[in-house]
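Below, chain A partners chain B and then partners chain C, in two separate complexes.
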Partner chain A sequence: MAPRACALCQKGKAMVKRPKTGQQICRDCFFYVFETEVHNTITQSNLFKPGDRVAIGASGGKDSTVLAYVMKTLNERYQYGLELFLLSIDEGITGYRDDSLETVKRNQEQYDMPLKILSYDELYGWTMDAIVSQVGRKNNCTFCGVFRRQALDRGAAILNVDHIVTGHNADDIAETVLMNIMRGDIARLGRCTSICTQGEDTIRRSKPFKYAYEKEIVMYAYFKKLDYFSTECIYSPDAYRGHARAFLKDLEAARPSAIIDIIHSGEAFEIKEEIKATQKVQQTCKRCGYMSSNELCKACTLLEGLERGMANSGITDRARKKLEAEGPAPDNLRTIPYFKLASGNPTITVETPS
Partner chain B sequence: MSSCENPNTDKDALMTRRQKFDGQTKICVKCKQNTGNVVVRYAVYCKSCFFLLVQTRFRKVLEPSINAVPDEPRRKALRAVGSLVIGFSGGTSSTALLDLVAKTYFAPRTIGDAKDDAALKGGKDHPRNAEKGIWKGNPAVCYVEVCGAFPGEKDRIEEIREVVGYAGKPFEYIPLRLEDAFDPNWWDRIGGGNIGTSARILGLDLSDEGLRLVHSSSNLNPHDALRMYLSSLPTQTAFYSAIQILIRILLLHTAASRKASHLVLGTSLTALSVNLISGIAQGAGFAVAEEAKEEWNPRPEQGIKVRVLRPMKDIGMKECAIWDWWNGLREHGRGKNAIGALTRDFIYGLESDYPATVSTVARTCAKLTPKEGSNGVCIMCERPAQHGVQGWKARISIRSYHEASSAVSGKSRPPHLTEDEISNLTKFPVNSSSATSNSASLTARLCYACHTLLTSRSSRGTSSNPAGNSSDVPLPLWVHPTIGSADAGNPVDNQGEADEGTRSVKLSRKDMESRIADFLLPDSE
Partner chain C sequence: MSTLNLKIEFGGGLELLFSNQRSYQIALPSLVPKDNSTAEESLAMKEMKALDVDYLIHHMRDHMLQERVELFMEKDTVRPGILVLINDTDWELEGEGDYKLQEGDEVVFISTLHGG
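Here is the complex of A and B:
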């Protein structure tokens, strides 16, 4: 069989069938269109301005490894004028991050980007291993999810950056749209397709891979010979999300455009005004200063439960009432340091490439 | 990213199963006297209270939308401005709908019945009011036979006729066929309007993504036109979705031709949730509100505004089946779908483990509204269409350097191409898919979902597609007047498992290759 010509440049030999479009294209065109589509996503949303300090949420997995590479490439090619940093969170799960943090450290050298690793232990005084030993495996994802989000914001504040970019890809977003519809989470459904989110006083967070298929990210890493670790935490059974993920994969197999079609649907609707009016107004946590829907933010609620030996108080209403019945939090309770956006130079030393 | 990388996971672990009912009592929660016969969403009901429950839910959805002004006080009377058409499929909830409509609004009064005599004394039950129905004219039941799309399938028009006339129901029966969508005689019969000669001879080129309109040389009968249209669609999903669209528009035009103000459909809560998720998965998010309740405006000369209602939308499929069973009704349903079938299997599966999911989907979607920016109405599905769709598609996936010329020229050109090469590629389209600039195309007239239906491909293709000629595909008749009147313009590998509690696997080139193997083309020289 004669080699097929690339459907885009008509010059190179077609090497891949693009999962997103079904077109048979050459490797160089694949690199180029993948990067240009990410560039289009960035410029269309005016994500950055010259001089912005941007932290890349780096886990050492495929998405963040490719994101770091592509951000560096685009920053140079299109002269964004960004100052890029790597920011990693160490959850404190024995063995979990060890290998992948090595990848991040290698990226730090390869891409010449300063790296900051912030641990749960350092910030909350609890590692995930310790949390799981107290709460068991059932609800530990709640702690990890809440703690990670705040850890990223705090790490970004330490680095004094304006912006965090994460490697959430199109599959993640489509899956989240479906999940939020099925569990009736209207507030999150309204914002999960936004490319950029920002709390009242938190750092902007963006998803430049919003329209990039997971398979294409793996393909990009493969052809660019970028090594990464596939890290799946088995503390995280996450059965419900597993249902949604399997369903999405079935949809994608039936019609590959399904992923992008779901994102398009999510972008096409919004929450009715009368429903928005019933949503909780965002406030500031009275204990740690982080954005919150209640007097105490979720992280402080969870941490108080852990510290007082009633970890479920942040999970169920019954446990929360039991905690409240035992009286107010003691004065010597360990709390999260007060959150404030840093200004000027980084408040702590970050590791810089040697 | 792996699941735990997402900060939105905090509620996932809360999705615990709940007992079907508390198990402490089997007494009906409504009358608190009889032993319960059925569990509906954790609550036990006896047979008579179950009937009341279903009928109340049915009326609660339907009645606020009967009068011309929705949700106005209805103390005096229910008066529709037009007639009633019931879309009937023969399925479980459709059968229950027909029975409920007949019993609630068209039940014959038995003279001599003491209770009825008392009721006939006055007020809204006075005999003079009994003569006036809620809807004008005779109610009609419309059934669309789809066997034309499935060779070998049984024609059920006569079977359904018996069901509709069963026990003296007062309905007029209007049988339709899917191929009527391509039958000029049907179009004339319903007063669809004049189709210009130039529009009548237009076909659609589905051989590429350009969706060019071509002068059709074929003169197919409606059945063959239907078969050709469906077999030319690029995916199984498109095949079944196209049938759903054809059925819906056939019903709407029929309703308009009867000056109907209401078209009621038997979509149950379960089916509604499936339709909502399936629609969203096919890019129809902009029209998500239409899935539960819509108002369709026929052409001015054709009829009045038709309100499409789904009175069974608060009643689950299980309750519909129980209603049918206890009323001795038989169902005559059939049908499957690609994305639709996957969604149905998924929602049914979740329903057994997380019974509240079905109503959560419907309640969540009821809180959504389309973002601003409607470009009018899609000529294929006749639902609101969003503007800027093609620009959005072109930005997020580059399909040709010609279409993305502004982004790929100059300093940002592909590094492996010379300036001359990229200049040529951006100046001239390299394949016919881009060669639409000089010829009429359907693209600009379609909503995102219909454009995707006609263009999105999969390696599977349609099962029924006989490698036929897809460059001259007939179009449903309602598309013609419009185009004639305007310018056509991971699973993670288990190897390398580390400590208990963690799995961290450095992916080898081979592992990475296995994940994308389906998309790598063989090295053929």
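Here is the complex of A and C:
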């Protein structure tokens, strides 16, 4: 096939076919349109204001590595005036997270951003390795997901940032829309397409890559030779999400706009008032002060189960009743430090690039 | 029979299926069976075609892949979610599996399916 000229500049050789538009464009135009679309997403949603302190949730994987690079580029190019930090959670998974954290440490130097690593071990007293050795491989993703969410908020409070950005891309969001429909999880269906979420007293969280296709993120990382880490978690991956993902990739192969179409569908759903009314109001966990829809937040419930040797009590109602039948939580139970939003200066010093 | 020298590279975790080696230099015949059969049986009876990416993928499956074929191939081509670049160009611009390989071509396979 004869090389084709770029559809945008008409000069360079076309090297990428954009899944969203079918346009065939050269490498330089691809960098430009990719970055500009993220910039447009950021400005149209008014995600930031000058002087904001923003933590990038960094796993060392492709999405967060590209996000850190693009955030740094855009912050300089368009003078957002943001102070950027890298925030990583160490789940304590030997052979997986310890390797990916090495990538984050290199990113810290490459991008010249302060890095904070917060571990499950220091926050909860349990590594994922220890949790899996107790609960097995069946429900461990529940523990990891609940613990990670709260750990990110707590890490952000330690860094005294206003905002956390994560690398969730268009494929991830479309997948989540599908999963929430298939599970009938209407509360999450309403929330999962918002670009920015904020609980009553938690830190803002947003997804600047909400409209960025995974294919383009991977192409961007490849052409820019960005340093990222790619290994599947060694503990069984989320099987349900795996099915949604395989299904979505098949749809995309047949019709590339499927991903963005599903996001638009998700955005267009309106939740009836009577369904909204059945959703629980947010309160504060009586044990650790984190936001919660019950007296005890999910992380405290799971931690109590682990500590009392009945790990499933946070997962099934039956196990929960059994735990309650054994009486109230003992006084010497290990708990999570009380959560409060930081104000003023960071309470810890962060590692700065050497 | 003449052969073509090719460079194969893996990224995004796909190398884990190929002995955890990221880069391979291989040589393949310039004419190959049209049915993509890679067994070294008598080729005399077979209809032949010029070496293309489809044949390369079958060769990789039969002779290089170490485990879990379903993570690499689906329905005679690479699984959706694996990006292919031919000399750094998206293979969707080069005719995908029909692209006729040339001496010295570099083909890169990147998985997008591994964690972000």
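To be clear about the criterion, the second predicted complex is superposed on the first by the 352 of 354 C-alpha atoms of A that agree within 3 Å, B and C clash if a C-alpha of one lies under 4 Å from a C-alpha of the other, contacts with A are read in each partner's own complex, and residues count from 1 in each chain.
Simple rule for what comes next: a contact is a pair of C-beta atoms (placed from the backbone, for glycine too) under 8 Å apart; a residue touches a chain by one contact, two chains touch by 3 or more.
In this text, all values refer to a predicted model and were calculated from it rather than measured experimentally.
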Superposition on chain A - do chain B and chain C clash or fit: clash
Touched partner set for A:61, first chain B, second chain C, both or neither: both
First, second, both or neither for A:250, with chain B first and chain C second: both
Touching partner for A:227 - first (chain B), second (chain C), both, neither: first
Chain B versus chain C, judged by how many residues of chain A each one touches: B
Which of chain B and chain C A:148 touches, first, second, both or neither: first
Contacts of A:310 with chain B and chain C, given as first, second, both or neither: neither
Contacts of A:185 with chain B and chain C, given as first, second, both or neither: first
Colliding region between chain B and chain C, picked from 23-31, 41-49 or 77-85 after the shared-chain fit: 77-85
Footprint overlap on chain A, where chain B in one structure and chain C in the other make contact: 1, 4, 14-17, 24, 59, 61-64, 167-169, 172, 214-215, 218-219, 222, 230-233, 245, 250, 253
List of chain A residues in touch with chain B within their complex: 1-4, 7-12, 14-24, 28-29, 32-33, 36-37, 39-41, 44, 59, 61-64, 77-78, 93-96, 98-100, 129, 132, 138-142, 144-146, 148-149, 166-169, 172, 176-186, 188-189, 192, 211, 214-215, 218-219, 221-222, 225, 227-236, 238-243, 245, 247, 250-251, 253-258, 260-262, 264-272, 275, 298, 315
Contact footprint of chain A on chain C as seen in their complex: 11-13, 16, 79-81, 83, 85, 88-90, 92-95, 99, 108, 110-116
In the complex, chain A residues that touch chain C: 1, 4, 13-17, 24, 59, 61-64, 167-169, 172, 214-215, 217-219, 222-223, 230-233, 245-246, 249-250, 252-253
Residue ranges of chain B touching chain A (in the complex, touch as defined): 1-15, 235-238, 276-277, 279-286, 288-289, 338-339, 342-343, 346, 349-350, 354, 357, 360-361, 363-365, 367-371, 386, 392, 395-401, 404, 407-408, 412, 414-417, 421, 425, 430-431, 448-449, 452, 456-460, 490, 492-493, 498-499, 501-507, 509, 511-513, 515-516, 518-521, 524-525
